[in-house]
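In order of appearance the chains are A, B, C and D, and numbering begins at 1 in each one.
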Amino acid sequence: MEAIGKATRGQRLDPEDVTIAYVGGGSRQWVPNLVQDLALSAFDGTVRLYDLDVEAAERNAEFGNWVQEREDATANWTYEATGSLDAALEGADVVLLSTQYDPSETFVHDLDVPEEHGIYGAVAATIGPGGIFRAMRTIHDYKRIAARVREHCPDAWVFNFTNPVHFVTRALYDEYPDINAVGMCHEVLHARAHLADLASEHLDVDAERADVSVNVKGINHFTWIDEAYCDGVDLWPLLEDVAESEAGTREFTPADLEDASPFVDNWQVSWELFRRFGVLPFAGDRHIVEYANWFLHGGQEGLNRWGVKRTGSDFRAKHWTPAESEQTTDVEAWLAGEKAFELEASGEAFLDILEALAGGESVVTNVNLPNRGQVEGIERGAVVETNAVVRASEIRPLAAGGFPRPVESMIRGHVDTIETIIEAARDGDLDQAFRGFLIDPQVRTLQTEEAAELFAELVAAEEEYLDDWNVADADVLDGVDVEI
Amino acid sequence: MEAIGKATRGQRLDPEDVTIAYVGGGSRQWVPNLVQDLALSAFDGTVRLYDLDVEAAERNAEFGNWVQEREDATANWTYEATGSLDAALEGADVVLLSTQYDPSETFVHDLDVPEEHGIYGAVAATIGPGGIFRAMRTIHDYKRIAARVREHCPDAWVFNFTNPVHFVTRALYDEYPDINAVGMCHEVLHARAHLADLASEHLDVDAERADVSVNVKGINHFTWIDEAYCDGVDLWPLLEDVAESEAGTREFTPADLEDASPFVDNWQVSWELFRRFGVLPFAGDRHIVEYANWFLHGGQEGLNRWGVKRTGSDFRAKHWTPAESEQTTDVEAWLAGEKAFELEASGEAFLDILEALAGGESVVTNVNLPNRGQVEGIERGAVVETNAVVRASEIRPLAAGGFPRPVESMIRGHVDTIETIIEAARDGDLDQAFRGFLIDPQVRTLQTEEAAELFAELVAAEEEYLDDWNVADADVLDGVDVEI
Amino acid sequence: MEAIGKATRGQRLDPEDVTIAYVGGGSRQWVPNLVQDLALSAFDGTVRLYDLDVEAAERNAEFGNWVQEREDATANWTYEATGSLDAALEGADVVLLSTQYDPSETFVHDLDVPEEHGIYGAVAATIGPGGIFRAMRTIHDYKRIAARVREHCPDAWVFNFTNPVHFVTRALYDEYPDINAVGMCHEVLHARAHLADLASEHLDVDAERADVSVNVKGINHFTWIDEAYCDGVDLWPLLEDVAESEAGTREFTPADLEDASPFVDNWQVSWELFRRFGVLPFAGDRHIVEYANWFLHGGQEGLNRWGVKRTGSDFRAKHWTPAESEQTTDVEAWLAGEKAFELEASGEAFLDILEALAGGESVVTNVNLPNRGQVEGIERGAVVETNAVVRASEIRPLAAGGFPRPVESMIRGHVDTIETIIEAARDGDLDQAFRGFLIDPQVRTLQTEEAAELFAELVAAEEEYLDDWNVADADVLDGVDVEI
Amino acid sequence: MEAIGKATRGQRLDPEDVTIAYVGGGSRQWVPNLVQDLALSAFDGTVRLYDLDVEAAERNAEFGNWVQEREDATANWTYEATGSLDAALEGADVVLLSTQYDPSETFVHDLDVPEEHGIYGAVAATIGPGGIFRAMRTIHDYKRIAARVREHCPDAWVFNFTNPVHFVTRALYDEYPDINAVGMCHEVLHARAHLADLASEHLDVDAERADVSVNVKGINHFTWIDEAYCDGVDLWPLLEDVAESEAGTREFTPADLEDASPFVDNWQVSWELFRRFGVLPFAGDRHIVEYANWFLHGGQEGLNRWGVKRTGSDFRAKHWTPAESEQTTDVEAWLAGEKAFELEASGEAFLDILEALAGGESVVTNVNLPNRGQVEGIERGAVVETNAVVRASEIRPLAAGGFPRPVESMIRGHVDTIETIIEAARDGDLDQAFRGFLIDPQVRTLQTEEAAELFAELVAAEEEYLDDWNVADADVLDGVDVEI
């Protein structure tokens, strides 16, 4: 049994001197959150903010150091901006990855081009034609980052926040199998919080997210649970009741959602799948529908009926943030004193993980890692999402078991697409990438020639981001009437 | 490693005294063919024709004995008709299974009901909504037959010709794991004959089917080859040329096919998939499109464009034959002397197999058997189709290897549907059957509620054939506006 | 993927009212320890002590209630003795299993009979000819207990302390696949404590067991680690140094061990295997040598050379305790006031697990469970030992990865013996049991006929404990010159 | 599923012009046999005899051309001798591999050195300490040959006759995964002939080897059957009778075997294992005992008792032939006219295979190939032995199923040794090789330090043949009192 990942044992963090390299350090959303979390943490250290947009990184560094001057900043951190990835990574203990391209030149096509062919995607973040192209734009960058990590900080803990998390984390391991990389996502955290709300509402408790434990498993944004407890009390009977209740069987109209944020999760897709398969999806519905694609077939109305509002490409372009979440930070305004600033923790799991790694209280939380037993029925090495126990120098996933066959079948099918794209990326083979694209269930709703057209149009629309792919020799682009 | 099948060693046939039980012995197509093959064979023996329609069986028995009186009938066979399955099976050496229900009450719905939901199936013989319901109507009958085989002739060689061959053969093993059952299909034989024609046309040879050898693998009606030889000459370069030639890239219009038989195979789907995936489908295109469902999306025109003409439900009702092939036999007319009769062999592989089992020349031919290694990447126990070598008392499948990942992925997905239905059949659990139905790629083109409606409508249309399923307690039928 | 174990979700313990059924409640060692642990715990409840030897159970109940009267007993427990297993189990929340037969009639033969054939076993607790017979005496009893658990308390948490832990825990699941059973063993705890000592000695720390975390995996008494930390500091470099140091390369003589307890672990076998295979055995050396049997070949001297002293059959008969550990309790003397009694916790992991299940602090500790992904390379369903995270209503094993091939090969070989015996037990088939016996590496040092003789002699010596095995029809006993 | 072997389709042989490269062309036994088989074959062509001992090759070439001048030589062959491997291989259609080192410097130690440690090997041809060293001397040579085949004749059919056949064939694939290599062995042929004799003796038939068909599987020299037919008649009842008869339960004394050839197979080991496990070993007993090592424990007497006579190292040195079979050829005497020469076929399967590949009659015969489904329970890629069907341009193994668990366990254990050695060979890592050596059941009868001594002594004795191994850095050789 050949090793997967972590050939070296985990590296102990020194809480008094942690060096963090932040790739994508110009981020308007994540960095300000991190700055606050760190200011309130049990660590001291340095953050190196690396970004192609050095100005944005400098703005964030300025903000970080400004926050440190506050009295309620209990920890001691220094921020530096850099335009050199090598400098940022050299000797780092922790590497954070969170980048994205200008959505107005990329994401916008991920949704709009497929829509012209009748595929009304909900968010295109992880899978489906748009998600696959997002991956194709990103994989080679992250393989290059992994190669630099191997060179500059081979034992560093690497946390990837960039979507599509499974593709990107898998690409890191494909380049550097011994990397200590973990894919991070807060969807499961949100879902646990929702279960805490349900428990508080229906049972005689006052629960919050930390009280809810689940047995979660799947692939990122297509995770499922088959056990849930609130402070040890089995929530399954409650979940079964909710699924059959009015709250679990609401129908929405476009009007109902007109003013809603696309980030609000109405859970109707989840309850429907729970009733159908007996296990509960555990990510936002807008992500789930990209995998269980039959919710996409009715256009906007069909999608809205299940309480899902498309995370439209126009919205994205307006609110460009790595996490695709609503913009809640405003660094310039804070620095300029135009907006009141209050230091508060973000609630993300990342700091808890860091503290546990440094010898603090251990935590059990969801992570994305290559499968080495945590999920049954899914191939070894595919990046899966389950809980892990995190403690001093260790992130160890739990053996979460498997799925009812029909659910396993869907997941395996998507893993085949992911692995086919990863394999294609090794040589930049667009024809092989198209094979992975063609077996995606969203794409399988198109006639065979139309699938090739859609593929070619996406290549054409995003060509400048696809330099690592061999466009010139791709058979799939021949005979398709698309100019590239 | 638990045993699959054949716990007892194979039974030696005595060529001078073979007892064949024919279940479905009233068949208008297959029995007359068999009668002629046997009359020209190296065997003597008795054929017991069992059919619910005893009259039809008696007509065939009369025909069989009439043929035996001819001088050119070189072998010695006696035919008997019976309405008792037990009597037919008792002590039989060989059992042939070939039955079907009145298509005007069954098949007609398999195509027409899905079409109302936009699923323009090509033949609905093996998979897709219609194929699944065909299986659901048939599985329990064949489990009962398997139980009788265990009782009356446990070591008999059982040959199943009834569609869907994988579902039905799998059901036989599900009931009686030690059964010596083999699923039979002539699609691969036809495809080999086509390769012989291509070789004759393009290479300097005069080839026929027997000269062509292939490495075939997959599931019934979704089989693929990755090697082909004509008398040892590698045909791959020729196949690659044909795929790129005019003959391999024809587009058909509805007018082109107006007068064509649906049984004519134009190979355009096969060449397209060959160009795409690098391995060649090896069953009739009308069957392949039910699995690679993207060829179905354009309605009649879309299907015709690839040279496939629907085996329409009207056609079926008119030409009711077990093999869905064109009616070429006319027993009454022959017996009445209204039509000239000429004794000739049918070209089916069955007789060759029987002769090999009895110690004659060994043959290599395609069979359907539970997977115990012959196909890589497909689960153990699933019924797969590959070549087998047949020799005295032995039918041993070849280890045919695996598939490119995208093709394997498609096959595994269909196997998941098949296995889910087989599992559901154990308790007659319609909700579990629906889960297998829901993940079928044809069904995945429907909105979730529409899938349930389609399912309910098919149950309603064919209810009298679904006695073994628990209709009363099925959640999937609740809340669907279909009267059952 | 069919489910293994825990079909129902875990049962929440109510810390104010826990009912514990203790099977083997007359134990002189374990029960007194438990009484003290419970008296100092955060729980209240009832303990039902069941034993065939009701008097012993009553003595323990008296002791339990006597302890409860002490002021320093902070928790509230009531003890009852019973001779009815059904009464003990009815509605229990927790079941403890810890039994054994009179060693003077059983264990004594496990060591002495093989020794006559040159197999100088060290302890015969888990594997090898003696360990296999210990299993054969025990399996059927525990299958009966599992059946009663299913009837009287199907959701109870069942903790098995009886050796051989893997055989016995596997037998519980073989009878009742949904049982919530966990095999318990303190070998890994002792080894962690030893690593804490090494860290304290060689590094500048003051460590105890709880500070040491390891990635442990294997089968009971043949567990290995490939990572170890002390408060997050990687211990691997230290372990490699120790293995090469004088302390890691000591040779012992019989004289060195003359007055030593067999329970003292000198670690020389462990260091030798660590040097050889690069992963560190993590159970007492006296157990490891039963698997890595080449340490047994030199008789007493050969064994002693590695610091291992046989846990002799004479010793056992004198010091009959379920755990084979040194007798440290003396209930009668305490009750009679002849010996001063001081209430103190035992340090076993069991109470920590119970508290975590009831919603207290979660713990990570080693457990034995059917493999569903926690160990790579070992078959699904085999009982393996790894860490698990225990929290409210959940015991979830960690995905611990695999082994270097030669180590995996040894473990798989032993699993084959275990599974063969489990399979044989279903029908009481002694010939099948012999096949599992014959491939054991200790037995493979005998000529083929001698192996059969040894088997027959063990059957003869322990026949009254082998009622569930079909002695009369066993071919292996024919033609062997042993009277049975 | 990644491809194993044969990425290119098979090469068609032209029966009028076959070029054969014979590596080891100075062989005294195999080449004269081949010369005669070819002279009587349906082929014409050229044989290039390559040998380090060019004189021996020239002698054989002279003999080959001499035979061709005879009138009864119906085919047309030319023989050439060469000392250049490159020249021999360039453009060859068929490559035969059959080499060995001077046994007086190699084999002699394989048996004698272990014997000093109490391991009384029977032949040391394939496994056990001697067999492993034979492999270690040979693997690197064959990897170099595979590299030359890739360069000079990448599509050639390569037939390996050199022992240990599984190690050597595996090494060829390890170097060049797409090689068309097949491991050849006549043990299964001899066993089939023996079954024909039994059938002739006990049933009313006149059978020969070709009439007997078996379902054979395992690894070379440790193959088993679970089905056997003589012209389709099930032989199992006869085999069960023989196993219990006097003939199946003979005991031999050293005196009985004093004048016997070690190549006579008395089948007593086979019948014993058949009685024990229910499946029949199907290679010579002298080979079987090296795997089922418990037959070796009684020294010469113990081995003889089972009818096995050691193929002594003295015998080997005297009768040096690649096949270790009795010398039956005498080229010089024939050429000199001192001995009458009669042209006759050898009965080896090789010519039948060649004819089938060239489009002649297809055959089913045993071959050694990487496992891609032919044997269940054994890992993918390990070289296994099963039947294959050979026809024009194709050698396709049969899916032969699995084993009873205890037999599978033994085979898997040996595969672990083989794969560990193959892995060790990649870097010449002697410590890794020792790990594979240490888990061999013959070696596991030694105390741990004695195993290292034995290993070191074998390295010392054969060092000049172990140039590709890193002797200098091997930990296993440290601290062992052996001068190397």
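As a convention for this text, a residue touches a chain if its C-beta (ideal position, glycine included) is under 8 Å from a C-beta of that chain, and two chains touch if they have at least 3 such contacts.
Chain labels with UniProt names: A, B, C, D = Alpha-glucosidase/alpha-galactosidase.
None of the values given here were measured: they were computed from a predicted structure.
Identification of common neighbours of chain A and chain D yields B, C. Greatest centre-to-centre distance from chain A is found for D, with centres as Cα means. Centre-to-centre, using mean CA coordinates, chain A is 43 Å away from chain C.
Separating the centre of chain B from that of chain C, both taken as means of CA atoms, is a distance of 55 Å.
Residues of chain D found to touch two or more other chains are 405, 408. Of all possible chain pairings, those that touch are A-B, A-C, B-D, C-D.
Those residues of chain B that touch chain A in the complex are listed here as 272, 275-277, 293-295, 297-298, 302, 404-406, 408-410, 412-413, 416-417, 419-420, 423, 434-436, 438-439, 441, 444-448, 451, 475. Looking at the complex, you find that chain B touches chain D at residues 1, 3-4, 9-13, 213, 215, 227, 229, 231-234, 236, 357-359, 362, 364, 372-377, 380, 386-387, 389, 391-394, 396-403, 405, 408.
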